[in-house]
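Both complexes below contain chain A, partnered by chain B and then by chain C.
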Partner chain A sequence: MNRTTTGGTSTAAPALGARAGVRPAGYAVVRAGRASFLVHRRAVAVAALLAVLLAVAVVLSLCIGETFTSPVQVVDVLLGRPSPDEFVVGTLRLPRLVVGLLAGTAFGVAGALVQTVARNPLASPDVIGVTHGAGAATVAAMSFGLVAHTTLPYVSVAGGLGAALLVYAFAWRGGMQASRFVLIGIGVSIALGSLTQLFLTKGDYLVAQQAKVWLTGSLNSRGYDQAAPLALVLLVAVPAALWAARAQRGASFDDDTAIALGIRLDRVRLGLALLGVVLASVATGATGPVDFVALLAPQIARRLTRTAQIPLLSSALTGALVVVVADLLARRLFSPVELPVGVLTAAVGAPYLMWLIARTRSRSGGSSS
Partner chain B sequence: MARPTRSRIGWLIGCAVLLALAVLLSLAVGSRQIAPSVVIQALLHGGTSNDAEVVRSLRVPRTVIGVLAGAALAVAGTVMQGITRNPIAEPGILGVSQGASAGVVCAIAFFGVHTLTGYVWFAFAGAALAAVAVQLVAAGGHRGASPVKLALAGAAMNAFLASLVSGIATTNAHALDEFRFWQVGSISGRGTDVIARIWPFVLAGLLLAGLLAKGLDALALGDDAARGLGHDVARLRVLGAVGATVLTGAAVAAVGPIAFTGLAVPHLARALVGAAHRWVLPVAALLGPVMILLSDVIGRIVFPPSEVPVAVMTALLGVPFLIVLVRRRTVVAS
Partner chain C sequence: MSTPSRLTAQALTLAYEDRTVVDGLDLEIPDGQVTVIVGPNACGKSTLLRALGRLLKPRSGTVLLDGAELSGIPGRQVARTIGVLPQSPTPPDGITVADLVARGRQPHQKWWQQWSEADERAVAEALEHTNTADLADRPVDELSGGQRQRVWIAMALAQDTDLLLLDEPTTYLDIAHQVEVLDLVRRLNHGRGRTVVAVLHDLNQAARYADHLIAMKAGRIVAQGRPADVVTADLVREVFGLTSVVVPDPVTSSPLVVPGIPWQPKSAD
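Right after this comes the complex of A and B.
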């Protein structure tokens, strides 16, 4: 929809066939019929590597559990061949893995989008209140018995969007300042966390127990019921993300450059942020708040690809990889006790956030205004 | 911002009256409503009626704990804002309370310490560690500790410690029961023994903060000015940090982490009596308990018969305060 040219690299794209010498360093041209694309070589290599790692992690995660299943059997089950381990792998481990994969992907993409819009590595859906909003809304719906279980994902999305809007409205003061946005996001997150506690007090005991398990961010006993809405949203989000990849480049310039290039900044930003918030909220609805994945994944991906923008595909793959590996560790580290996966991601992610803050230079200290 | 001393004394007395009212409310309101006259009767003349028993054995300890914790947290917040010269410094936001609570949890789970006298020291250690870590993280980079970096470092520390506590709780089932009530701060169900063990620490912390009042005023002018006025800036900061840590650790050991009292109250106090710490500190010490007790009373009446923990209510009351502060002031320049 947004056909504006986005930055120096892509304006040069159509002409590249004739003048290959203009091609920016590190990029290769891919032609498909009359269309041609610029592809960042390292980004492709990293994405391929991440995909391989993810495949290994998936098979490992299906192999390892209370009993060990050989990878050959696992592949058999995955391909639908008859196997003695059908029940353990196909019925017990696979649904949980699918939820983890989808949620990780959603968190990764959401983080990439929000960080691009805020132009700040510290801004992520969990810092600016989205996951807490989704959490508060879901717990409220659970403890007041307002909705059936099938509509809970919509409630999460509404909560996440509501929280994001609230933070945006409070932080808007004749303009947007990234640091004010983050500070208010932290405050609103705390308030929503307290509201969640309030609703827990209100609900009856059984509901409160259920909600508490959900709140720790766990993949335990999550199955296709939770995976279905998530998969649906991701399906819709893929075309949107393709658009996002183009628009993202424009949004990551500073305001003056972007406006000078003719990018309708506010619209691009709004679209990207909206997509990110919806993805994060749906994922939270499925797994509970798995903290810091949305913060970590894009940062890891960008450090790997060494691109100027946050790479969407690699962020998605990294997000999925982080959640799958973290869940595997959370299951086995203290066996027979299972830790919620959110505990593990927070234990790794929080120190990383602190490291990011400690080495913050003027460049990324929220200097946009 | 010189204000006439008379109006300051007026505010001080006003706050004291407010505190008296809050105490009366806290004694009278609950799942069993007791008329104020009966409360006063029970306090002054004893008596053996059910109401008198409820007031003396349940509500008096609860109220006293609330007063101690409120005064401790509010003064800790004032001192922290003073020594960091940062308007959003506060034990809860900076992760110091959560640090104290993690210390208590570790003491119970790993060291087999089960008495308050024992684990209050762990609370101090946890609070101090968290405070130092957050300050170090935020002071990294060449711009020093800006409000945003402090708040973010605190949020990260809170998340990290919460996951730590939750991990210990999941893997250590028998300890879980003992410290479950710390995860959300609450002033109910604490007996007179808790009061007896906690008040010396609170008193010591308050006295230390009071002694530092002049130094904190000088520090507000900047490090160089404070040095020029003859203050040892480093010693001032260390003493202030010790005071804030003792106050926070004692409060958390008694009631669990309660956020935002240390943020809202000092700013309120400054709005009433100006920036001089010899006035701000006593007013904060009076208003802190008011905030805790009122939050507790509201928590008792929103969803009867269950009670909402006081920490939940203080956060809900305190967050609008943070938002106004962030919007109004130019504190955010990072």
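Right after this comes the complex of A and C.
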């Protein structure tokens, strides 16, 4: 089967258009020796733009607070130079920002992966019960007096995985139908939400107060304790994401076509879903369920890149950008009162979710011409 | 039958949940020919094709590829030998034609070899063979049924396999596009001696295009062989329960099935 490809022409010229070969529209080819890569031009441009916007948002959110700090001083602090604003920027604002960045990234990637597996934009971890599972488990742990920062992330992951398994068990009927999956996910979310309420009313008053703030998804008083496990998981997830980006290509087909192409569909889907659920759960453990970021970010990213797959890198950047900007607004909009960031993302995300549901309805009901 | 066929089935039993569709079937697909499987609805012809293409696991019995059990060969390796076009494939949202056809290269690619010169050549050839090069940059969603079918065939072609299995490739197409697709199937077979297996609905088209015809009923093979030997009025009655007259096709002289007199009111005026 090994057709020798490069006879003597090992010139490896990345010179585009030297020989106008066939390639998928919008892609550039980079070849070096026997290696070759397809690069979606627009996706690269979008990712670069998002990275710039994110950098701006990061600096802004470090500048803006009860007192204004100039960007120059912010950069000084970031570079570790001595600065009078060391305490405000470095101790008060930076840890919170880091948690927001990491959680947003995790939510964005998680949404992209789960939506890819379900082949449905509605099926993001926050809609199908994963974040609510993580939430219920964490609140339960809190009301039983378990509040150590070192154990809570595990509890969240267990809760998220548990919820995902529950949805899977109910939705699986010898095959996975996306609409059934989403409806059961929404049902499980509601059930878990009620369970959480139960823990809140049964639990100690102080704990309940603490848990309630956590439940709306807030970055208030979040710091490196929450960031550490999240950073660790994201670090481990990077090589996995490289695999996932490739595996997504196969998972976006129907079952028969994917198997015909030699893709080990069960393994690919399980891997992608597991990675997505773990990321969403750990992020929820750190910030509480910041609703709708996992739903929105991949969809925004995909509309920007116009790729056939949901772009992972752009989803990650969009997720981080959404959380950082939403938190900045949540802090300052009704200052001195601070809103939880989850309230803001929900204000944008909920109408979008309704629009998505309305649109899928009319599409499946109407004639497909 | 001097050398054994590359693709064979032995004592094959296929079932969906508790409904047995094919029971203890033996089969040899002749190499380098166009084999067409026909039969009435729900006779198990598509199910059989799915099993030959590894899309369905046999309940019992085996499918053998080059003497090895199909289910024991790694998926990627199978995909480099057998290309399958399922009955109603769904493209990823918003994908363009060339991108879709390029996905056929998946079993030949590694993560660091995403677009080799062999990939480029195979995709260019596939587009050319199927007359879809002009459509290369168009989104698949915007194509007509006939164009879309050609694009899917192009994807299976880009896979560059010795065997090609097509599940009702002409369904939903008008007659001109049906002929176009079937001619394409013949060309693919002729070009490099590719073995083609297709499930078709239309018995007359099957008789025209097949080198080897397999007639199925209720999960069994009723008859197989050259269309001229196999297609008779008796067979049509046995397989489809239809009274007909079989005459030579005026163009190809292959057997042409003409069904009996249409229903008419008993007593005119």
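In this text, the second predicted complex is superposed on the first by the 332 of 369 C-alpha atoms of A that agree within 3 Å, B and C clash if a C-alpha of one lies under 4 Å from a C-alpha of the other, contacts with A are read in each partner's own complex, and residues count from 1 in each chain.
Assume contacts are C-beta pairs under 8 Å (C-beta built on N, C-alpha and C of every residue); 3 or more make two chains touch, one makes a residue touch a chain.
Quantities reported herein were computed from a predicted structural model and do not represent experimental measurements.
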Which superposed partner A:81 touches (first chain B, second chain C, both, neither): neither
Chain B versus chain C as contact partner of A:170, first or second or both or neither: first
Contacts of A:41 with chain B and chain C, given as first, second, both or neither: neither
Touched partner set for A:29, first chain B, second chain C, both or neither: second
When both partners are placed on the shared chain, which of chain B and chain C touches more of chain A: B
Partner chain(s) touched by A:190 [first = chain B, second = chain C, both, neither]: first
Intersection of chain A interface sets (partners chain B, chain C): none
Chain A contact footprint on chain B (complex, rising order): 88, 93, 133, 136-138, 140-143, 146-149, 151-153, 155-157, 159-160, 162-164, 166-167, 170-171, 184, 259-260, 302-303, 306-309, 311-313, 315-316, 319, 322-323, 326-327, 332-334
Residue numbers on chain A that touch chain C, as the complex places them: 1, 3, 5-6, 9, 21-27, 29, 31, 34-38, 174, 242-243, 246, 249-250, 252-254, 256-257, 259-264, 306, 308-309
Contact footprint of chain B on chain A as seen in their complex: 122, 127, 170, 173, 177, 179-180, 182-184, 186-191, 193-195, 197-198, 201-202, 216, 291-292, 334, 337-340, 342-344, 346-347, 349-351, 353-355, 357-362, 365-367
List of chain C residues in touch with chain A within their complex: 17, 50, 53-55, 74-81, 83-96, 98-99, 102-104, 106-107, 111-120, 123-124, 127, 133, 136-137, 156, 159
